[in-house]
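Order as written gives the chain letters A, B, C and D; numbering starts at 1 within each chain.
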Amino acid sequence: MNFASDNWAGATEPVMAALARHQAGAVPSYGVDPISKSVTDRLSEIFEREVAVFFVGTGSAANALALSAYAKPGAAFFCHPDAHIQVDECGCPEFFTGGGKLVSVPGENGKMSPQALETAIAAFPEGVVHHGQAAAVSITQATESGTVHSLDEIRAIKAVAQTRGLPLHMDGARFANALVSLGCSPADMTWRAGVDVLSFGATKNGCWCAEAVVFFDAEATRGFEYARKRAGHLFSKSRFIAAQFEGYLADDNWLATAAHANDMALRLAEGIREAGGRTAWPVEANELFPILKKADADRLKAGGAFFYEWPASGVPAEAGPKEDEVCLRLVTSFATTEADVERFREILAGS
Amino acid sequence: MNFASDNWAGATEPVMAALARHQAGAVPSYGVDPISKSVTDRLSEIFEREVAVFFVGTGSAANALALSAYAKPGAAFFCHPDAHIQVDECGCPEFFTGGGKLVSVPGENGKMSPQALETAIAAFPEGVVHHGQAAAVSITQATESGTVHSLDEIRAIKAVAQTRGLPLHMDGARFANALVSLGCSPADMTWRAGVDVLSFGATKNGCWCAEAVVFFDAEATRGFEYARKRAGHLFSKSRFIAAQFEGYLADDNWLATAAHANDMALRLAEGIREAGGRTAWPVEANELFPILKKADADRLKAGGAFFYEWPASGVPAEAGPKEDEVCLRLVTSFATTEADVERFREILAGS
Amino acid sequence: MNFASDNWAGATEPVMAALARHQAGAVPSYGVDPISKSVTDRLSEIFEREVAVFFVGTGSAANALALSAYAKPGAAFFCHPDAHIQVDECGCPEFFTGGGKLVSVPGENGKMSPQALETAIAAFPEGVVHHGQAAAVSITQATESGTVHSLDEIRAIKAVAQTRGLPLHMDGARFANALVSLGCSPADMTWRAGVDVLSFGATKNGCWCAEAVVFFDAEATRGFEYARKRAGHLFSKSRFIAAQFEGYLADDNWLATAAHANDMALRLAEGIREAGGRTAWPVEANELFPILKKADADRLKAGGAFFYEWPASGVPAEAGPKEDEVCLRLVTSFATTEADVERFREILAGS
Amino acid sequence: MNFASDNWAGATEPVMAALARHQAGAVPSYGVDPISKSVTDRLSEIFEREVAVFFVGTGSAANALALSAYAKPGAAFFCHPDAHIQVDECGCPEFFTGGGKLVSVPGENGKMSPQALETAIAAFPEGVVHHGQAAAVSITQATESGTVHSLDEIRAIKAVAQTRGLPLHMDGARFANALVSLGCSPADMTWRAGVDVLSFGATKNGCWCAEAVVFFDAEATRGFEYARKRAGHLFSKSRFIAAQFEGYLADDNWLATAAHANDMALRLAEGIREAGGRTAWPVEANELFPILKKADADRLKAGGAFFYEWPASGVPAEAGPKEDEVCLRLVTSFATTEADVERFREILAGS
């Protein structure tokens, strides 16, 4: 029973089939192959407008390179304190932006508050050389707390960003999970809501290493291919990233796997509620953070469930874990089975 | 007939089979999976000593990260003017080393001359703050000119490096091709000859994206896992790089594909000689640089051969291409067929 | 009446006299002159042990270079949220450390709380590659809130740092002001309390551009001269920085000017108290942050006093400025006259 | 007899007088003081157009920051192999440009050949991501070989740069010496000849630390104040750099000191010729590189002359030093006296 991470899962059948399909034959390297071209066209269709697409190998690279397109001396990037770029990328964004500063902007449920963003940006007034320059805002969709920004919430953040002309980056490591959660179109969740550049993640949702930086802001792509190459993220046999996307996007596979993972998460949440537990944040995608009795957590572990304990950071003390409780992170994926979920619920229910 | 690049080839059967074999199932992410462990053990066997292995996705990343392990303020890295790190990585080594300088050290046949290296290093005397600090020496094996350093040549370069305590890096993007060319052991071609860190490339020789930084210098690995992560080169589903290596190394597949590619190159060279052509440099691995009549080159192109024209840089004027001649680069790979080679030879022979 | 900044002041007579004294004559450049040597010896005397001294031109350079001596991939540096390195150096520390992250550690009166430091460091557990590496702790003495760490407070912070082997940096832009405030020795306030490297500032206290990075940690100085040169901070006519220090340190001039500035600050504080005002933080050096009626502040401005309004950040709401109040920053220096102070008090008192 | 470096000299009377004149009094810090304003206005007059002026403390900082204004991923900057930025700045340009590559472009007499520049730029074809991006061309005026580019030579280099839209940087560490050598106007030697940004050096010619980045390209100054601050090169008491320039530029002092230095160099050259010696390159400013008998050099040293031996790099073998000869560098400055020169000539003449 793997609930440790969606990264522990392998790859889906369609993705592996696409890799196999393109195994042989000579095609130009470094991204100018026909498969890359057709995937880019497909993404333009999906986003309902022409997009610039740059494949990379990891989500950290996608995020940090995307931000680097907006780097400037003394740059400040605004993100939630729990954002992956702030907490989990070992300084990659700072490194790729030549020493940018990631400013934490608090907010409930893993989402920055627009008011807090306003305050944070105000600390970087234009023309005051000492504090540096506000450079961009970054949100994560779905968030690191397993929640999903509504379209209105994205628009509200963008509205604040726009008062200073700041671009909006979306870390979409779990883009598909958020998308099926909202039930809106990719265009609605991105550029129509004000997103300028997207880290379009496919790895967690069934590829093995397929990430893309998708620009809706054509101007920002100037020199970006050089930035990617300089970071060692232009793959010679780039067709194999494209191939993964081909299998991923075909027949709406990506939406189906995301819907499955979200569904598994909801069923786990249901089981937790039934067993008298609660979650630190609403369950809106494929991650959930149950607060359980330590004894229950131990029993689950003993029963073969893999998961991590997690700090319920930002959760008000009265709602957070009590002395005999613990907060866990459970992550579901395309590979999570109903049997896994049922077994988890059974152990928790004590049967 | 692809002779444009070994990067135009796909992946070998054993590599794809290994990917498929590990497609499903939950394993820990970020490189602590059992497949990564077993491949690392296998590499220690192959190199006849314990080695530290760091998987990355591209050869540029491997090279630049390897050099970054020896970075210091004002660092100078010494390499051949045609080295991939100098010419073909868009400043990735400079970027990852925080602004290191790549100093070109000339020499014949794509290999730096030890005497020239001595002169180059002498321009960075110890304690003279203005010029910076000599940091490391880097060689490419096989070279960008399709030649292979003999063990004596590697040792001679190391001997010069050692006078100043400089580590020796080997860019092994075509490591296997060089190895079968020399017919020596991996240990002989690396640490026994003085190599401290190796970019062990597998992509060109049949994987789709499998590169490893292999350290023989344990001290230099301190903090290296952070450097890799900071550069966005730690893959979440890292098992799939390991899997490629598993297939690559099994049953000496890697040596067989390299031997095949080298053999195809020799046969092409034979055909060129028979047709009255010559090569800019000796043919010792899987790249050759024929100097042909332009008309012949045009006929080959028209006949369906893919290749690039190439500057015969460093070749003495009298040996280089004359007015009606052109220098080409032909690259063979595991995927090159005897039929391709025969067809090429036939067209060239005018039949 | 300049209370805007100690940077608005010029230079003291002894400093200018020293510059004039060394105006003519040929001496070796780039810091190997006899004046630099004698100043370094003098600093070793002052600190009661051999120290390594590196002159630079600005406080930002001193701080950022000092931190860069401890840089590593994914480095985290811990400082107070109001620290100069965090707020006022336009990303210089991030830039010079190759993308380090400055982690804000809260605490009262401009000083980080040791408990908060413990928590902050714990977020970077050893061996967890995602979060990066704890690298160093930095405190400011005197603080940006005009307070001074006691020796016990410094030791308590060092004790936490030491649990993870982290070096302690002291931003001593107002070192002399803190020193005379505590009445202890330079050795007591630095290495005896656990400081490993000090930005020894002299500019604000009467030089025009004289800053030094003073290392008590000999190991960390390896390559530091290259780091300084690479940052463009090795002055060719370096003797003139040394000359400023010569005049500054002679006859305890530096302690006298600092004592004067502190005294002026205390007198201002007295006047504010008498007028029914209060300060946001205790007045312990040469900066004070009065909370006054807006009308009073306006009257002072109209009367010719220069100062900045200041956010009373971190001050509890009940103690902070009310609707009709404003928090100001007043800074005194060697150049502040008793007449200035009296005039300020008179205006404030309404006479 | 100091001929070791113009950096061994102190500061001129007018410069010290200006420092003393502005010693006292409160003026705004960080460059917004009236002295900085008036010096900037004066420079606009001198250059016969509005210029943007950024004071910094060292020539390395001026050069590296100027280049950083044109940095981009994989940037290549073209300069002579003997350029100060290539040889003597410990990687500061590489560091400040985020890992730019300095490409050596050979040419006689310390000046790059336009043909060689054309070839060098051609190695960075537009759109070829592997090699990086041509970013800017940098020349030194006067050169490191003691020669001066004619206006036609500057224009010819600019013409090549312009074919690719590349900006032209001039390292003017010895700007005044070149200017009086050519006898032209500052405007003629810079923007009218195609220079976009100038490192306007005053330190070597009589200031103690006064350098300015002067932009003729207004677009490139966007964000430059942040770049300077981020590098720790915005001085708090910036008025003192301005004051030095005030004294330097007043009454054409700068031209007088440069003319004197050049004259001293010419007289030294005359003495060398008379003694049967020769120079490696023409003597056109305040540096000369005599090739003398070793015995003569030893006698000069014994007689109290300070100078460095120098590699006569790039000088054809037949013109370079023979076995019993040595190449020296002699540098004159405002502080060089006729008596020094006469004494040198006497010793050399053997009297």
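Heads up, the rule we're going with is that contacts are C-beta pairs under 8 Å (C-beta built on N, C-alpha and C of every residue); 3 or more make two chains touch, one makes a residue touch a chain.
What you see is a predicted model, and the numbers here were worked out from it, not measured in a lab.
> If each hop has to land on a touching chain, what is the smallest number of hops from subunit B to subunit D?
1
> Which chain has its C-alpha centre farthest away from the C-alpha centre of subunit C?
Taking each chain's C-alpha mean as its centre, the farthest from subunit C is B.
> State the pair with the higher C-beta contact count; candidates are B-C and C-D.
Result: the pair with more contacts is C-D.
> Whole-Å distance, subunit A centre to subunit C centre, using C-alpha means?
One centre to the other, that is 41 Å.
> How big is the gap, in whole Å, between where the Cα atoms of subunit C centre and where those of subunit D centre?
For subunit C versus subunit D, the centre distance works out to 35 Å.
> Could you please state the distance in Å, as a whole number, between where the Cα atoms of subunit B are centred and where those of subunit C are centred?
So the centroids are 51 Å from each other.
> Where in subunit C do residues touch two or more of the other chains?
Where subunit C meets two or more other chains at a single residue, that happens at 30, 73-74, 89-91, 95-96, 98-99, 129-130, 132, 226, 229-230, 234.
> If you look only at subunit C, which of its residues touch subunit D in the complex?
2, 4-5, 7-11, 13, 16, 19-20, 22-30, 56-62, 64-65, 89-92, 95-96, 203-204, 208-209, 226, 229-237, 239-240, 306, 335
> Over in the complex, which subunit B residues touch subunit D? Could you list them?
Against subunit D, subunit B makes touches at 73-75, 87-91, 94-102, 129-132.
> Considering the complex alone, what residue numbers of subunit C touch subunit B?
Subunit C residues touching subunit B: 30, 72-74, 98-99, 129-130, 132-133, 223, 225-227, 229-230, 234.
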